[in-house]
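Per-chain numbering from 1; labels A, B, C and D assigned in written order.
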Amino acid sequence: MQIAIRVPAARVKRLVVPLRQVPVLPLAILLLLVLTALLAPVLAPGSPTEQNLGKRLLPPAWVGGGSWDYPLGTDLFGRDILSRVIYGARISLMISMTAIGVGGLFGILVALPAGYLGGRVDMLLMRAVDVALSIPTILIGIVLAVTLGPSYEAVISVIVLFVWPRYARQVRGETLAIKQRDFIALAKIAGSSRARILIVHIFPNLVPTLLVLSSLQVGAAIIMEATLSFLGVGIPPPAPAWGVMVADGKDLVVSAWWVSLFPGIAILLTVLSLNLLGDWLRDRLDPKLRQV
Amino acid sequence: MGRYILGHIVQAVFTMWIVVTLVFGLVRLAGSPVDILAGELASREQVEALKQRFGLDKPLHVQYGMYLWGILRGDFGESVITREPAMAEVLQRSWASVQLGAVAMVFTLAMALPIGVYAAVYRGRRLDRLASAFGILGQAVPPFWLGILLIWLFAGQLRWLPAAGKSGPASFVMPVIVISWYAVAGIMRLTRSTMLDVLDSEYIKLARIKGLPEHSVIWKHGLKNAAIPVITYGALIFVGLFLVGSVVAETIFTWPGVGRLIILQSVRFRDFPVVQAAVIFICFLYVTVNLFVDILYSYLDPRIRRA
Amino acid sequence: MKRWQVLFSVAGTVMALMLVARSLTPAVVAPKGHLRMALSSLGAAERFLPWADPGCEPFILQRVVYDFLLYSDLDTGELRPGLAERWVAEDGAKAWRFYLRKGVQFQQGYGEMTAEDVKFTFERLISKDSLASWGKPLARDLDRIEIVNPYEIVFRLKKPDVTFPANTVEVRCQVVIVSKKYVESVGEAQAAEKPVGSGPFRLVEHRRRVTARFEASVPHWRKSPGFASMTLYRVEEPAARLAMLRAGEVDVAEIPYKLLKEAEVAGFAFARSKAASVYHIHLGGMINPKNKHFNPNIPWVVNAADPSSAKRALTVRKALNLAVNKQEIVDSIFSGKGEPSIFAFLPPGSVFAPAGLKPYPYDPEQARKLLAEAGYPGGRGFPTVTARLVPFPGRAEQVDVAEAVAGYWEKNLGLKVKREVMDWPALAAKLKVRDEAGIIWAYGTIPRPLGEPLVTMMSWVHSGAMYSAIGEIPEVDRLYEAVMKEVDPEKRKLRYRDLARYIYDNYLVVPIGSVDAQYAVNPKVVDVKKWRLVPGETYIHNYEFIEPVR
Amino acid sequence: MTQPLLQVENLRTYFLSRWGTVKAVDGVSFSVHPGETLGLVGESGCGKSVTCLSILRLVPQPAGKIVGGRVLWEGEDLLKKSEVEMRRIRGGCISMILQDPMTSLNPVFSIGDQVAEGIAIHRRLKGKTLWQKTAEVLGLVRISSAKARLRDYPHQFSGGMRQRVVGAISLACEPRLLIADEPTTSLDVTIQLQYLNLLKEIQRRSGVAMIFVTHDFGIVAKTCDRVAVMYAGRIVEIASVRDLFSRPAHPYTRALLDSIPNLEEQVDRLYSIEGQPPALHSLPPGCAFAPRCPYATRRCDHEYPPEVSLNSGHMALCWRVA
């Protein structure tokens, strides 16, 4: 069965907007980010994990004592900070995209039946969502990571646990709204099965909401991953995760300020452009959707 | 009203049970406090002796049963390391965390609500553009990185504020900023967008028609309506952020709080009773705030109260 | 003996006694000023009874308030008199007789320290409910304790143990002498909170896990404290300790190497303890073949079934050693405060190691040749090594050392190294069952060369030990037991050297460096030159020797 | 004729928007006498509501701005008054009823609070007497057992009841002019009739003047004394109810009357005016209705029509009548 994703006409019109209003800056930064992540091996001057203890804590090139082989200086183990920031983009995007994907999917799988079937199913699932929302997932993640040692799986599972209830609540609200619309009633009258209605009619209408929601959540996921890594319970060393890099320089603020500064700026630019894109999308597609 | 709250209490207890079980299992996944206790130079029988002493040699489900039964009786067990009652140790450390959290919460509301409202009222003017810029930027700056910058600036260069530890009001400034930075940006943007909707509404127009002074129109009629989504949504991110924020702030500024107690000491030493007690305490705090918010929500919005 | 020879020897002894007495009697200078120190820990349970505080963490609080039977010489590490003036081995080191110092008063007027107090302390240490980590092995070896007279006491052991006196040195921390009268009159709970000792300081105020304040208890038989009062702060975060020092909130701060440059930039002086920890990399997997975790195809492991594997394993271990630039690690991670080491557990120049041996050289070229020779040209075919990054309290650099070594092997030998972050309890659980095939981790031993390294080695070298930092190698066990059996101290040194030599020749470990411990000090408050830390020990043992700037 | 209560002269209210300045009210003049009901009629978007809001100087900020004209209330120009003085007039002398009762009441405040608020400000009443007055006013608009329901909330009232509460709020301080901005449009027919009768009865009793904004000629016939027809921000015709229905002068008025469906006639297609209302930010020079006017001449397209007064009180803005 070929599913045609038909975004309702009204919203398509708004999608095709004159170029002038498209947020050029955030899109440019994001494009740059995705490119850096994909072409990391080509772009990065050196390897992100290759150490040379002799050239430890070199300042950035333009500061006295720095050298242009290490434009942004080196860290505690003499690793090139620029290469690590570039590879860091790959980690941040991969982690946050996977987590949002899995979390979102799980949220939708819970929300669609809840929103559509309503009644006891809805009440039960929403109770589960409320419980999930009130569990301090970060705390559980920290205990898990300290006990078993930080790992990619731990970080992703913490973010997924954090994200899915938020998706579920948002998507359920949206499904309820769409369910009341006339074209659903017509579809029922036309005899289409419940699954078909869900997939062909309801889901496409969720796409704008999901689009907006995901763009905002990816930014939050990147910050969460970086925070967990900073606390030493996120991405395990020596992977050049931005959060870990900021943590490396945490105590050397006076004598080696650049170790923490640049990865922080990388996080800032990435999340800023994601948020700007999210806002722009929300204003275009779904103005009433409150900032999640 | 009663049924509404009772439902929430039952759900809160259920959540606590899940968290408690989760943490009970997680902490025991690898390593046991006995190795820490015995130290590097220990001998085999000495480790066994310690195990018996703390009941860690009993099968897991027995330990779990004893543990749950203990909680019901309010006995959270004894810290394996200091052999003080675990909850006493947590409560001693919790005062610093609660203090920090409360000040940060007040700071967030004092900053986010007024700015959000004024940004909505003076829509499009300089204050609004400034507030929106701060809002978007605020949610992009990673709080821990901000903390480091603050330390570099205020403690390192200017030496105005103490770099670490809890000592008098000056030591509150930076940790509070780190905790509430993200929340202020979020709540402010939400307040602004909600307030904009409210100000366009008919009942605001009617309030003005009644001849009410502008401040009463905005702060009485407007704010009470705008507060509802801010409280419900705000609470959602508030409590989550405060937990993460306080752990981060406690780590950067070595604030003697419960967050750090869990990471730095208890879990590293597999001090199961203290970790479990600390998690229960934080979860209890977490769930109570959620409950309080629900009640506040129903007070604010009569449509819910009569449900 | 000629008359003049007798006269001469008597004068000599008197002179020697005089000298010893003078160095021990307090310089007639009154304690002055208030010392504030920020330390990474004040002990695990922070209790003031030795049998109430479990092992592992330093017993900072107890050694401030109590005295020890014996002390260690700051230069040679030899045993020096403390509460015991003389100690004699009898019955082939199966019994040890201690002659106690007269006139040592307990604080708050609890009378003179006698053999009763020593017997009471030891019996409580080895009792059933004692938590002291040193209690159990002592209980196993101790037969009974006899009080000959108030100033003479004999420890009868179940089997000869040459190292017994070494176990009562201040480095052994838990064998402080407690006042029997005080503990029995106020009860253990109270005594654990409000101690009465015979030490140079008495406790004034203690807030668990935060701070402890002491005042000088003068006059003291050994050395009256330099400072009139002292406050210790427990601050786990290194950066916070440095911040407090910089803000003038404390005068001394224990700082890790990472912050050394920051402290130097801020203009602080440093008190150092030479060779405070000796780092080596444990090549995991050389264990008993019958153990289920044994994995024959780990390149550095000897597989009994394959005769050529011994030579291949040795070549690989040699290559692994030559590929690591020890000097660069010491200079970078430890800011040059130390030197490349030759053995595990023993700092360079230790009397228990054969003289004249040099640390393995750094020769990446040769290392690559050896690796190719062993059958892994350019690292191809070499199974992935797992580096466990395990920080210990007070020795967080263990993570950096393992990380650096992994970096060298990746760069110089082309090996693939997976990192695994883990904390001590998780690692301990694995080491107990020898789940270590193919892993490496960096261990920084506190050599405590005082007395003998046997104590440290016993826990880490012998196959029967709880955790292994070398492996289960029959030859090592044989050499180790030879040391245990040798009663004569001089001959025992030779046995130690055989063991060290065997480990050195077979490249059984990857020695890295012997590094100093340091405390950043505010030179305006503390006279750094006069304060000498006990060598080979990361923590502070002699608070009374810290002198204020007069 | 007595002195007019309200005299609006050449009122102009413009809105600044991305597409240019929208001339929502472009030179409106009319007057209202005490006790009289003036109907303001026209398609949506012709400026009816903006005119009312301009009288109370409540034009939505920051886009809207009153750029010209005078609004004389008992001889004084409201546009010159200070904000404080305006506040005394709003609710005190002139008050207004909005269209949608579902959103006119603040959902989070009780009915009693919202009614009492106006009284407290204008009459300085407090405590018991305030509650007494509030219950009395609610009784005025026929809300049964008003005293008991003071504590209730808007969501507990039906649409009709809510509009009565809004009525109570606006009449609480005995205003002399009540502006009703399509108060019955969102009510169903039976409730609509009750509400109109209620307003009529209150007007009879209190003599309050009313401006009744609507697009329903049925209501105009039933409640209004005089009618002003608005188109594209201007009053194109003003006349007594009888003159308007019997002798409509302006083509637009006649077209509006023709498009009222008639029960008796058998028609296959209902008559409706072609074209769309003009864009208020780019009005043609001549008569705004010209493009859609069957009788439009070249002159209508280019020259702005004069205000032609037919007999006393009947004016039309059209070349054809001049």
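Methods note: contacts are C-beta pairs under 8 Å (C-beta built on N, C-alpha and C of every residue); 3 or more make two chains touch, one makes a residue touch a chain.
The structure displayed is predicted, hence computed values, not measured ones.
**Q** Can you identify the chain nearest the overall CA centroid, using each chain's own CA centroid?
**A** B
**Q** Comparing A-C against A-B, which pair counts more contacting C-beta pairs?
**A** Pair with more contacting C-beta pairs, A-B versus A-C: A-B.
**Q** Quick one: report the Å distance separating subunit B from subunit D, using the average Cα coordinate of each chain.
**A** Computed from C-alpha means, the inter-chain centre distance equals 53 Å.
**Q** Using CA atom averages as chain centres, what separation in Å is found between subunit A and subunit B?
**A** 22
**Q** Could you tell me the distance, in whole angstrom, between the mean C-alpha positions of subunit A and subunit C?
**A** Distance between chain centres, rounded to whole Å: 48 Å.
**Q** Could you tell me which residues belong to subunit D and also touch two or more other chains?
**A** In subunit D, no residue touches two or more other chains.
**Q** Can you tell me which residues of subunit C touch two or more of the remaining chains?
**A** Within subunit C, the residues that touch at least two other chains are 239, 422-423, 426.
**Q** Got the subunit A residues that touch at least 2 other chains?
**A** Each of 146-149, 250, 254 in subunit A touches at least two other chains.
**Q** Taking chains as nodes and touches as edges, what kind of graph is this: line, ring, star, complete or other?
**A** Graph shape here is other: it fits none of the named patterns.
**Q** Considering every pair of chains, which are in touch?
**A** A-B, A-C, B-C, B-D
**Q** For subunit A, which residues count as touching subunit C in their complex?
**A** 49-54, 56-57, 76-78, 146-150, 232, 236-238, 250-252, 254-255
**Q** Mind listing the subunit B positions that touch subunit D in their complex?
**A** Touching subunit D from subunit B are residues 123-125, 201-203, 205-213, 221, 224-225, 228, 300-303, 306.
**Q** Help me check something: in the complex, which residues belonging to subunit B touch subunit A?
**A** Residues 11-12, 14-15, 18-19, 22-23, 26-27, 29-31, 136-137, 139-145, 148-149, 151-152, 156, 182, 186, 189-190, 193-194, 229, 233, 236, 240, 243-244, 247-248, 251-252, 262-263, 267-268, 270, 275, 279, 282-283, 286-287, 290.
**Q** In the complex of these two chains, what residues of subunit D are touching subunit B?
**A** Going by the criterion above, the answer is residues 56, 58, 62, 87-92, 95-96, 98-100, 103-110, 117-118, 121-122, 153, 155-156, 166, 169-170.
**Q** Contact residues on subunit B for subunit C in the complex?
**A** Within the complex, subunit B contacts subunit C at residues 30-33, 35-47, 49-50, 53, 81-84, 89, 155, 159, 162-165, 167, 251, 253-254, 256, 260, 264-265, 268-270.
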